[in-house]
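In the two complexes that follow, chain A is the common piece, with chain B as its partner first and chain C second.
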Partner chain A sequence: MAKKYSMIINLAKCIGCQACTVACKFQNNVPEGQFRTKTPANGLKGTYPNVSQYFVKEACQMCQKAPCVSVCPTKASYYNEDGVVLIDVDKCVGCKYCMTACPYDARFLNKETGAADKCTFCYELKVSNGEKPACVSTCVGGALMFGDLNDPLSEASQFLAKHKGEVRKPELGTHPNVYYIYEGVVK
Partner chain B sequence: MDVIWGVSVDEVAWGGAIAFYLFLAGIAGGAFLTASMTDLFSKKQYPKVIQSGAYIAIVSIIVGLGLLVVDLGRPLSFWKLLLNVNMGSVMSIGVFIVSGFTALSVVYGVLVWLNAAAQKQIKITSANTEVAATSVGQGLQAFRKPVAGLGVLFSIGTATYTGFLLSAVTTNNFWHTPFMGIEGIPFLPILFLVSAISTGLAATLIGALNCGDLTTYKKIDIVLIILEIILIFILYLSVKPVFFTGSMAVLFWLGVVILGLMSPLLLSIYSLAKHKNVILPVCGMVVIGGFCLRYFVVYTGQLFK
Partner chain C sequence: MKRRNFLKGILYGTGGTVALVGGFGTFNNLDSNKAEAASQDLETTVFSSCEMCRNQCPIAVKVKDGKVCKIEGHPNDAAFGGVICARGNAGPSLLYDPQRIKKPMIRTGERGEGKFKEVSWDEAYTYIADKLYNVKDQYGGEAIALASRKGPHDWFFRSIGKALGSPNVFSHEATCPMTRSVALETTFGNEAIAADYANTKYLISIGRNWFEGIHVAQARAVSKALSNGAKLVVLDPRFSVTASKGEWLPIKGATDLAFVMAMANIMIRENLYDQAFISQYTEGFDKWAEEVKDKTPEWAEKETGISKEKIIQITREFAAAKPKAILDFGWRTAYTPNDYQLRRAILIVNMMIGNLEVPGGYYTTKPANFLKSFSDQAAYAKGLGSVAQPSFPKASKGRIDGTGVKGTPGQIIPAYDGAVGKIAESILTEEPYPIRAWLVHRFNPYISLTGSMRMVEAFKKLDLLVTCDVYMTDTAYFSDVVLPECTYLERYEPIFDMSGLTPKYVIRQPAVPLVYPDTKPYWQIYKELGEKMGLGDYFKFKDMEDYITQQIAPTGLTLAQIKELGVWTPPGMNAFYVRANDSKASLDSVLSNQSKKIEIFSEEVEEATKQGVPKYVSHPQPEEGKFRFVQGKVAVHTNAGTANVPILNELMPTNTLWMNTVSCRKLGLNDGDEVVISSGTYEQKGKLKMTEGIRPDSVFCYHGFGRISPELKRAFGKGIHDNYLIPHEIGEVGNAVTSTTFVTVRKA
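And now, the complex of A and B:
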């Protein structure tokens, strides 16, 4: 059965250490100054000493109806058999149409290859070997979960059954496969 | 960029090169349309207008395509756009429309040039060589009007394509704006088509300066400018005001509205009433305004998502 890989980000557990940011860069050889994922601070609130803020991990949202895939003129952006949005670097001409279409600013033009680049869920290097993406396995606070939503017994499915997962910009109808849990976070 | 604090830089995927390409493709489409429609339907002879339009179309579309290729992340792999086709992508369809248009405009330009050369030769050669010189040219000239006719379709296609390219980005609030709120009819292709014809006609007239009576063209241009003003007004009413008050506001109000539409309209009406020749300033402003419009649309859509 086809898989439906998904990432769940439990914001209350994220301390903003950027271990995911660094692990991703090492794993995927992302050029200097460019990021497939990063975790900026959000929602700074209150006055000292009663202040709060949280961190939101940003990366490709792995949309099931991905605007980048539909606009790509060469079919370089595609869904693989497990529902992961990937880029065939050989087919990409670097027209940046996908970058104008992505509502999450998840894509960039790789300085070294000239092709569009983004998070792959570490599909080729890790997930296809049964491992978890680099950011997930390195996360110190245990804020990241990864699994197959088509398997009701997976950690991801079990977690989402009990907690309210939100997707970014649901009004755009992109149906992301990355879920954010805001429980315990002052929005 | 700061990873944690996410200092936002106003980075856009498509910048000035793409805005200039959209502008040039519009000029090319409009100039070709001016030349070919004159060639096909005008009872009066306007050889200079036909030549000017035909040559401007070739130069603009080739320079525009050059910019497009240079702007790619991998310029040398542009040919892959011709091999890997995605019929669901407006850009992929556009590649074939624009390629077809470029080919037709080059063929048409050569035919127009041969025709003009033959006309000149008739004037200078003696009567007995005249027959030989024109018969070769005439054989090819039989293709001129069919090429012009097919080119009309492709030039309209090219001009509207530049709008569809942007309006197809459904996640972009500004580019995806529907016409009069009717879902399914995108706004930008209509606006860009009118602007393309207006700027292409203006550029053609600049190239055919002092070539007899161009009153008909001036009147058409006035109609087009008025149409564009109405369209811009509809756009103003149909989108969020942030698009016209942000960092691109000056370009919109000064470049598009005042310089590109209001000034040429008033000057042009004044010149028709007073019979003064002001083609150069009027058409110059229309062309510059057309560029401002493309630049404004390309940037605003990306800066205020």
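And now, the complex of A and C:
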């Protein structure tokens, strides 16, 4: 049975430490000055001394109806058998249509390969070997979860059954596979 | 690609790792100096320990085609679970940085001019040896000072100074946690006390910032406690990331002791403390009760700016959670000159809820020698041995900082650490006698000590300044000799005893051969320097494998085993708390003082400073137009250590000055403005960050920026150097003083 790999980001647990950011760089050989994921602070809310803040991990949202895939003229962007959006570097001509189409600003043109680049959930290097993506396994705050939502027993399914996961920009109908948990943070 | 994935599937698919499976982990057995790049299409794992900060977290280093490609947390250490922080992840970025120093260098121009010539190691050793013997002959061995960031290198580094008859060996601790060490030592006779965060129900931080000053195991434990419903309260003039995960109380700077004393006042008045614990285990409680009698919540509200209702509420909640509650004793504990009394008071309030040696409270670490006296634990007591050294000559003069002198504050300064700030004062004032030569190992007084220009003045007056480090640090830039150390990913070290609730030993071993062949591990540098100086008897080991073998012999482990495991705890042993099952159990083994009591009133402190119980001192507050200057840590950098590490610099190349929006408006300043920060004597320029996340009477910047060594090409000249603005004051027990400076801010 095909998998439905998903990442769950529990915002209340994220400490913005950027361990994920750096782990991703080395796992995926991302060139200097470029990032597949980053976790910036979502601004400070409120007025002194009643303030709040949280961090939001940003990366490809792994849409099930991905604008980047539909606009790609060379079929370089595609869904693999487990629903993960990937890029075939050899097919990519660097036209940047996908970068324009992505509503989450998750793609960039890799300085070294010249091809479009983005988070892959570490599919080839980690997930296909039964491991978790590099960002998830190094998360200091314990904010990141990863698993197959088609498997009701996976940690991800179990967690989402009990907590409300929200996707970013649902109005666009992109059906992301990255879920954000806002419990415990001031949205 | 496909073939590689297939192979990795075999090696990793079962969740094991190469080294543990055995057989494949041949790289583990290669000598770093002889190792040839293992040119294979395989990823191997070398278990070692991190050194991007000084916490030595166990790591799994991934090596492919002879290069470190990635670093992860050690998967088999439950405290880490494969996790490592951003800095730990960034290790390869340091390892392969072309800006590391690669050859020994001797200064050719004026100090601070940055002119050096590359020399051979032999020339460097000869130069240092000649100069050191000149100083010793002319001024005595005591005129040589040594200072290092505390760590396993000390045994080797310090041997040089001690063998020359110098008593003046220092750690960096006075710039960091020393007042808490003083407090622990004088209260328990035991510095090795740690907090069991994972099991606590109530946690109060007084400026402790677990989520930015990251110790991975502690950050994870605090995070776990919060997931389990623990409450977190954070007292800090600034809204830190830690504060954002709990209730933030923006306390007025330098008034923390008032809050803590009021807690004691309330607990006594409302009878919320553990009287049985106090009477069985402590002495001097009556004197403390007397001292806090008038430290009412009303009084504390005026001092701290926190409402009395809030102080009462938090105290009651804290006491209700007893003994699974922690009032944290802090890490970088150097806010005020009398900071050690704040730390003492914190410990006393903890003892009032009897939270020692129980889950969710404080515990003493449980190294092998501790376990010997417990019949049910003795089987786990497999201690490390040591490498024998001849005795060192007795120093002919006392230390420059008065450490150890009875009847003075020096009596309670930890002898291992000393008041490192005193080195510069001794150089400049020649009191009590002049220091003429200073050896610095992986320590950067220019950044780490307050009064940076005082450090520069001192550097310039020396006959010899030697720095051993991985970068041309600001201090190295002023040195006569610069010795290039290899990184932690290229060397062995002695086994670390990292015992917590069980004994734990961790190895550091090379993951790859030397990247720059003329760099060396510290143990080799000081052994060779010692031999050059005729002090070879102090370095009786062949190499580090031999050293480790001598060290682990009593444990029954072999070098090969510890290399394969990376980290070792006694199989089958559970976390051990002395009072877990018996609240009346003896704490004699925990209390290493003579009284065998928790000394709420400490005779030793009374003798040293005439303050056997903590007394409140009211520190000045900034007048209108001035701001208290506070500083802190950020998750992607380590103090003076990482500003130039490529990827960390990329993530955060500079810092800003945080100022409250209301204060900015008053001064007509806006977010992003270039500003001048003035302490009166010194000024720094920086960029303003306008924020609601700080008290209006305080400004803040992250520590470790504003570097003056042009050889730190990425970090040079970027950001605000906090310690440049803070006068070089030495606190009562030798500590740095970080939070009593007031500054003005104007548009640049």
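What we mean here is this: the second predicted complex is superposed on the first by the 186 of 187 C-alpha atoms of A that agree within 3 Å, B and C clash if a C-alpha of one lies under 4 Å from a C-alpha of the other, contacts with A are read in each partner's own complex, and residues count from 1 in each chain.
The working rule: a contact is a pair of C-beta atoms (placed from the backbone, for glycine too) under 8 Å apart; a residue touches a chain by one contact, two chains touch by 3 or more.
Since the structure is predicted, the reported quantities are computational estimates derived from the model, not experimental observations.
When the shared chain is aligned, chain C comes close enough to touch A:A134, but chain B does not.
Legend: residue contacts after superposition of the two complexes on their common chain; A:G46 is shown touching chain C, with no touch to chain B. By the touch criterion defined above, A:T21 reaches both chain B and chain C. Contact with chain B, but none with chain C, is seen for A:A115 once the two complexes are overlaid on the shared chain. In the overlay built on the shared chain, the residue A:C95 is in contact with chain B alone; chain C does not reach it.
Of the two partner chains, chain C is the only one touched by A:E124; chain B is not. With both structures placed on the common chain, the touch criterion links A:L172 to chain B but leaves chain C unconnected. Common to the chain B and chain C contact sets on chain A are residues 16, 18, 21, 33.
Per the touch definition, chain C reaches chain A in the complex via residues 1, 5, 8-9, 12-13, 15, 69-73, 82-86, 88-90, 92, 211-212, 214, 216, 219-220, 223-224, 226-227, 239, 241, 244-245, 248-250, 635-636, 646-648, 650-651, 660-662, 691-696. Residues 1, 3-6, 13-14, 71-74, 77-78, 80-81, 83-86, 88-92, 95, 168-172, 301-302, 305 of chain B touch chain A in their complex. Of all residues in chain A, only 16, 18, 21, 33, 35, 38-41, 55, 67, 70-76, 91-97, 99-103, 109-110, 113-116, 172, 174 touch chain B in the complex they form. On chain A, the positions that touch chain C within their shared complex are 12-13, 15-19, 21-23, 25-27, 32-33, 44, 46-49, 51-54, 124-125, 128-131, 134, 137-142.
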